[in-house]
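What follows is a set of structures to go through.
Common to both upcoming complexes is chain A, partnered first by chain B, then by chain C.
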Partner chain A sequence: MKYVGKSIQRIDAFEKVTGSAEYAGDIELPGMLYTKLLLSPYAHAKIKSIDFSDALKVPGVITIAIGEDFPFRIGLYVNDRNILARKKVRWVGEPVAAVVAENLEAAEEAIELIKVDYEPLPPVLDVRDALKPDAPLVHEELGEYAHSPAFNPIPGTNIANRFVVKKGNVEEGFKKSDVIVENEFLMPQVSHVPMEPHTCIGQYMKDGSIKIWTSAQSPFAIRYILGYSLGVPLHKISVYVPYVGGGFGGKAGINFEPLVVLLSKKAGYRPVKLELTREEQFMVAPVRQGFYGKIKTGVTRDGKIMAEKILYVFDAGAYADYGVNIGRAAGYSCTGPYYVPNLEGESLTVYTNHPWGTAFRGFGHFEFLWAIERQMEIVAAEIGMDPIEFRLKNALLPGLTTPTGEKLREDAGRIDQCIKAVAEKIGWGTPPVKITPNKIRAKGIAALWKAPAMPPNAASSAIIKLNEDGTFLLSVGVTEIGQGTVTALAQIVAEELSVPVEKIKVVPFRHTDLTPYSWQTVASRNLFMEGRAVIRAARDVKEQILEVASQVLRVPKDDLEIEDEKVYVKGRPEWSLQLKDIAAGYVYPNGNTIGGPIIGRGYYVGSRLTYLDPETGQGYPALKWTFGAQAVEIELDTETGEIKILKLVSAFDVGKAINPMLVEGQIVGGCVQSISLGMWEEYKYDKNGRMINPNLTDYKIARAGDIPEEHIVVIIENPQKDGPYGARGVGELSMLSVPPAIANAIFHATGVNINNLPLSFENIWKALKEKR
Partner chain B sequence: MKIRIIVNGVERELEVEPNELLINVLREKLRLTGTKYGCGIGECGACTVHVNGEPVLSCLTLAVEVDGKEITTIEGLGKDGELDPIQEAFIEEGAVQCGYCTPGFIMTAKALLNEKINPTREEIIDYIKGNLCRCTGYVNIVKAIQKAAEKISQRKSK
Partner chain C sequence: MLPKIEYSCPQTLEELFEILEKYKEQAKVLAGGTDLLVSLRDRIEKARHIVDIKKIKELEKLEYREGEGLVIGATVTLRKILESRVVKERYPVLWEAVRTIGDMILKNRATLVGNICNASPAADSAPALLILEAKVRILSREGFREVPIENFFTGVKKTILKPWEIVKEVFVPEPPRNHFGRYLKMMRVMSEDLSVVGVAGLGYREGGDVKIRLAYSSVAPTPLRIREAEEAFLKPGTIEEKIERAVQIAAEKVSPISDVRGSAEYRLHLVKVLTRRLLKQIVEVV
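On to the complex of A and B.
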């Protein structure tokens, strides 16, 4: 192959290195107004009254909105969100009022003058407390919310979704087990920290149509939800998305777009811009849900898992419109990449008075794999088996069934190969080494898997146009959030149509009026799904080219070939046409014209995916499974709890690397994000549920000095037959399972099990001290 | 207040407020939007520009402080349609993902390579500690700066 499989440079890199790439914050519109939000100081409180009369007097203030102005509920899967808080507030940071002004300074001044009378309510600040029968309710009206049929909210409780999966007979399985091990695990809420904070502009037009410019991952989801919630037909809503400065899931679904649109209407139909500051990004924007897990594993002496009873509880925070699907996704893959014949799994998404949760790269999985991969290590130690051998013995290989009863397809990826690859490269099998009296070097490993968490009807499409000079235009709905999918898609067009990548332009923005539909840019689904749609669109283009060329060249279509921007008769390259001569219709010397503008289209939806059985969770949720494994070698200072990652090895079965450089970029970047979340990141709260570290000084993310000294990436390619050129997704997968690999290494170094994240030096030190 | 500055080689006379930040003057008044806001408190480096050749965080710098000085932003890099070697190296080494932090990184790298022609890997890592990137994991950024250093010394020796 000429283009697929090659490490070509990103097609968007020139714009990005020159500062000319457009992001939402760079957009200024005539007559634009600016908004600032008043945030709740309480985690849970009734709003008794709001007085903004003084605020309205500030020169430059146009209007002020409060929750009652916008009686709409919004949400991706569950309509539980208000535009601004109504009747009560549910987290410290929930927007209570919005000031719209000619400039930001006036809006900021006015915000200070709004007086809100609150009646504090008892907050729920621990997800385990939220499940107690006497827990205060975060959403009294849960039973009234519209929701997708795939979810099961329990009115009168804080449970936004309960997902259950049952397979085999778990009691029998435990009876046949020699050893039963039970453990609990915790993970705090964390922030996506996209370098670009959320930014959006909305304009309500006088004719009732709506325009949005936004830093969002999913323009079509925004259009659909907004249309549904406001009762506006979709052809009257336009959503424009330029380059996005990092999303990681936080800009998926719908966020602040409805707010700016409604503010625009209230402000006399002028465009209104919201740009979150970094502090607001921490306080107001959605986060990764917190997690609590309890796993009971039954295993035979010779290392076969016989039964597992699993409880996962996700701290959804104040709203769970997207969050319900995180619990569901963790539920249907709850065992990790292992075969468990008898299983009872329950995964709950639970409201609390913490900031609201949303999708975050590898959602559900980063959380539960922390628990499962720690549990696997502990169980292996209990039965005295090597943890690699134990994992391989229970590896979920093709032909075996997943938790939902899906028989893994023959051409699925191979978890065993991933595990063996990292074991080999990390030099598995040598015991921990004491370097100095306090410093120990040790190794740890953890495996991973994930399928796209999406509804069975999630769709993608593509349009390819042949320009009059023989160049091509590719239009797709996947947004460019840094992942590089569009470069790989251009390579696929190049391969299919035998045209250099330089002659293909991928439209660099998304505009729902012009761009072909894509459900969302999430879930590591887009290379696979847009990839298939692009192949079909390219073949449609090809068919149209051949149709005209066969008439002009007077040979049947199947005797024609397209190569090097020409269409020619096989074996007779001298009988040929330039593609440009067909692009807008072929013109004969006398002026007669046949054919016309060539526009190819293609779509893709997953094959034979199903909703899952509400009682047993059985069914087909997975477009494809991507498997992988991580291994680390660390140096631990047992006196201080400090660790250094000397070496990291990552292996992923990606099916086919369309662009190896980009695949490696995703893996290296994802792994550092994984280390960062695992070792440092955490929403810290005071006793009233107020975040105390909402800035990049107190909330640390990985810097250049924090990266592993060495990182080896192993790309495994067992092609999946229905993937584009055999490819599977990897974008999210790369950030899974590094934290448990580190904790497993600490365990091998010291015998100490750390089951709560983050693995900060302080927490490690405390855990080691407790043991002494 | 009136200030006179040279931005990317062009002299500008501007009316600014005493509390106005350089980043806002660049982005809003001059529409040089390549310089990015990331944190507002000098933790992320996305707003890095050069003032008289020195790297400066434009989110922490008052516009009045740069009166009479020369400012270079990402838009001022490269000559006659050619990219700066650092920009080239960032493209070639895959050091760009979402691109939002990229202008700040390139301006920081430029300052480093102005100070030191052949920095070691450790020196590079140390110098870019003030710039945050959430996508790339820094590895390719470090490689790109190493490659840019090579390119620059090769061009100088020609």
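On to the complex of A and C.
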């Protein structure tokens, strides 16, 4: 192959490096107004009254909105979210009022003059407390919320969704086990910390149509939810998305777009812009949910897992409109990449008075893999088996069934190969080494898997146009959030149509009026699904080219071939046409014209996916499974708790690397994020539920100096037959399972099990101290 | 967003003092601005007027005189200090401390004098300046005074500086001959961070005896020199005993708090570990 499988430079590199790429923050419109939000100081309180009469007097202020101005709810899977807080506030940081003004200064001045009278309510600040029968309710009206049929909220409780998966007979399985091990695990809420904070502009037009410019991952989801919630037909809503400065899931679904649109209407139909500051990004924007897990595993002495009973509880925070799917995704993958014959899994999404949770790269999986991969290590130690051997013995290989009863397809990826690859490259099998009295080096390993968490009908499509000079335009709905998918898609077009990548432009923005549909840019689904749609669109183009060329060249279509921007008769390259000569119709010397502008289209939906059985969770949720493994060698300072990652090895079965350099880039970037989340990132709250580190001084994220010096990336390619050129997704996968690999290394170094994240130096020190 | 503030940029000290006198507490001096602007934006500091001193020539001095010492002017950036060979060679502990402050983007703007005027307990340059027995040179219309840095800090974010005064420069005298000095800093990450605990120490030989100086960041309301711990080395005993005594005294003299960056318990533990490690390194070299 000429283009697929080659490490070409990403097609947006020049624009991004030179700063000419367009982002939502760059967009300024004539007559534009700016909005600033007043945030709740309480985690849970009744709003008794709001007085903004003084604020309205500030020169430049156009209007002020409060929750009662917008009396309806929105949401992706559950309609539980208010546009602005109504009747009560549910987290410290929930927007209570919005000032719209000619400039930000006026809006800020006015915000400080708004007086809100609150009546504090008892907050729910621990997800385990939220499940107690006497817990205060975060959503009293849960029973009234519209929701997708795939979800199961329990009115009168804080449970936004209960997902259950049942397979085999757990009691029997435990009876046949020699050893039963049970552990609990915890993980805090974290932020996506995109380089570009949430930014959007909305304009309500006088004719009732709506225009949105936004830094969002999913323009079509925004259009659909907005249309559904406001009762506006979709052809009257247009959503424009330029390049996105990092999403990581935080810009998926729908966020502040309805707010700016409704503010625009209230402000006399002028466009209104909202641009969060870094501090607001921490306080107001959605976060990754917190997590509590409890796993009971039964094994035989010779290392076969017989049964597992699993409880996952997700701290959804104040709203769970997207969040319900996180618990569901964790539920149907709950065992990790292992075969468990007897299983009872329950995954709960639970409201609390923390910031609201949403999708986050690898959602559900980063969380439960922390628990499962620690549990596997502990179980292996309990029965005195090497953890690699134990994992391989229970590896979920083709032909075995997943938690939902899906028999793994024969061309699925190979978890065993991933585990063996990292074990070999890290040099598994040597004991920990004490290099000074207080410094130990040790190794740890963890495996991973994930399928796209999406409804069975999630769709993708593509349009390819042939321009008059023989160049091509590819239009797709997947947004460019840094992941590089569009470069790989351009390579696929190049391969299919035998045309250099330089001659293909991927339209650098998404506009729902012009762009072909894509459900969302999430779930590591887009290379696979857009990839298939693009292949079909390219073949459609090809068919149209051949149709015209066969008339002009007077041979049947199947005697023609396209190469080097020409269509020619096989074996007779001298009988040929240039593509540009048929791009807009072929013109004969006398002026007669046949054919016309060539526009190819293609779509793709997953094959034979199903909803899951509400009682047992059985069914087919997975478009494809991607497998991988991580291994680390760390140096631990047992006196201070400091750890340094000396070496990191990552292996992923990606099926086929369309662009190996971009795959490696994703893996390196994902692993850095994984280290950062595992070691440092954490929403810290005071006793009233107020975040105390809403800035990059005290919410630490990895920087260049924190990246391991040595990172070996192993790309394994067992092609999946229905993937584009055999490819599977890897974008999210790359950031899974580094934290359990680190904790497993700490365990091997010291015998100490750390089951709560983050693995901050102080937390490690505390854990080591408790053991002494 | 920043509140509405007037801004001026005087070219001479005379103009500067005029402004300071006029606005008194309402004026804030800006050099690098890396602390001030954040505090103003977060409404921790309030000011009506910002006086930018970057254009005043007399404050730009970075000068070393053999046998006397080093002068670091109020507008000398951390980047400049890091690039100075003489600082690296003659004052390695100061150089090492400056290197740990923020990232290069910050170092291009932030100043050493700003670091001490901000008077954070976590100021990384302060422990080094304390053990180098630096002097703070303060200027106002009324005249000039020179204060040992040990007397400069009075509390969290508080100094002896009057609203109409500025720190013109810091003077760092010639350090003891053949001294060895280091700054050990515990951070939450490996790259860049404020100190969870920082320890600056230096040692040298006088006669046959080892002399030690020790100072800390992030363990008390101000950066703290602990002379009692240093004195452990003047008493009889083996080197190991002296080190342990110094560690114990240091641990008694600090008063760390629990905050978002670390617990008091962890900090106290780090004081012991870092002091012990530092002293072992020092006695090995000197």
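Odds and ends about this structure:
One rule holds in what follows: the second predicted complex is superposed on the first by the 772 of 772 C-alpha atoms of A that agree within 3 Å, B and C clash if a C-alpha of one lies under 4 Å from a C-alpha of the other, contacts with A are read in each partner's own complex, and residues count from 1 in each chain.
The rule we apply is simple: contacts are C-beta pairs under 8 Å (C-beta built on N, C-alpha and C of every residue); 3 or more make two chains touch, one makes a residue touch a chain.
These numbers were taken from a predicted model, which means no experiment stands behind them.
Contacts of A:63 after superposition: neither chain B nor chain C is touched. By the touch criterion defined above, A:177 reaches neither chain B nor chain C. Shared-chain residue A:544: touches no atom of chain B or chain C. Shared-chain residue A:352: touches no atom of chain B or chain C. Looking at the shared chain after the overlay, A:697 reaches both chain B and chain C.
Of the two partner chains placed around the shared chain by superposition, chain B is the only one that A:665 touches, whereas chain C remains out of contact. Look at A:108: by the touch rule set out above, it reaches chain C but stays clear of chain B. When the two structures are aligned on the shared chain, A:483 is found in touch with chain B, with no touch to chain C. Set against each other, chain B and chain C touch different numbers of residues in chain A, with B touching more. By the touch criterion stated above, A:244 is placed in contact with chain B alone, chain C being left untouched. On chain A, the surface touched by chain B in one complex and the surface touched by chain C in the other have residues 697, 702-705 in common. Taken in their complex, chain B has these residues touching chain A: 27-28, 31-41, 43-44, 46, 73-75, 77-78, 83, 87, 90-92, 94, 96-103, 106, 124-126, 128-129, 131-142. Of all residues in chain A, those touching chain C in their complex are 104-105, 108, 639-640, 642, 644, 679-680, 684, 692-693, 697-698, 700, 702-706, 760-762, 765-766.
By the touch rule above, chain C contacts chain A in their complex via residues 1, 4, 103, 186, 188-194, 196, 260-263, 266, 269-270, 273.
Note for the complex: chain A touches chain B at residues 7, 9-10, 12-23, 25-26, 28, 192-197, 243-248, 275, 277-279, 480-484, 661-662, 664-665, 668-673, 695-697, 701-705, 707, 711.
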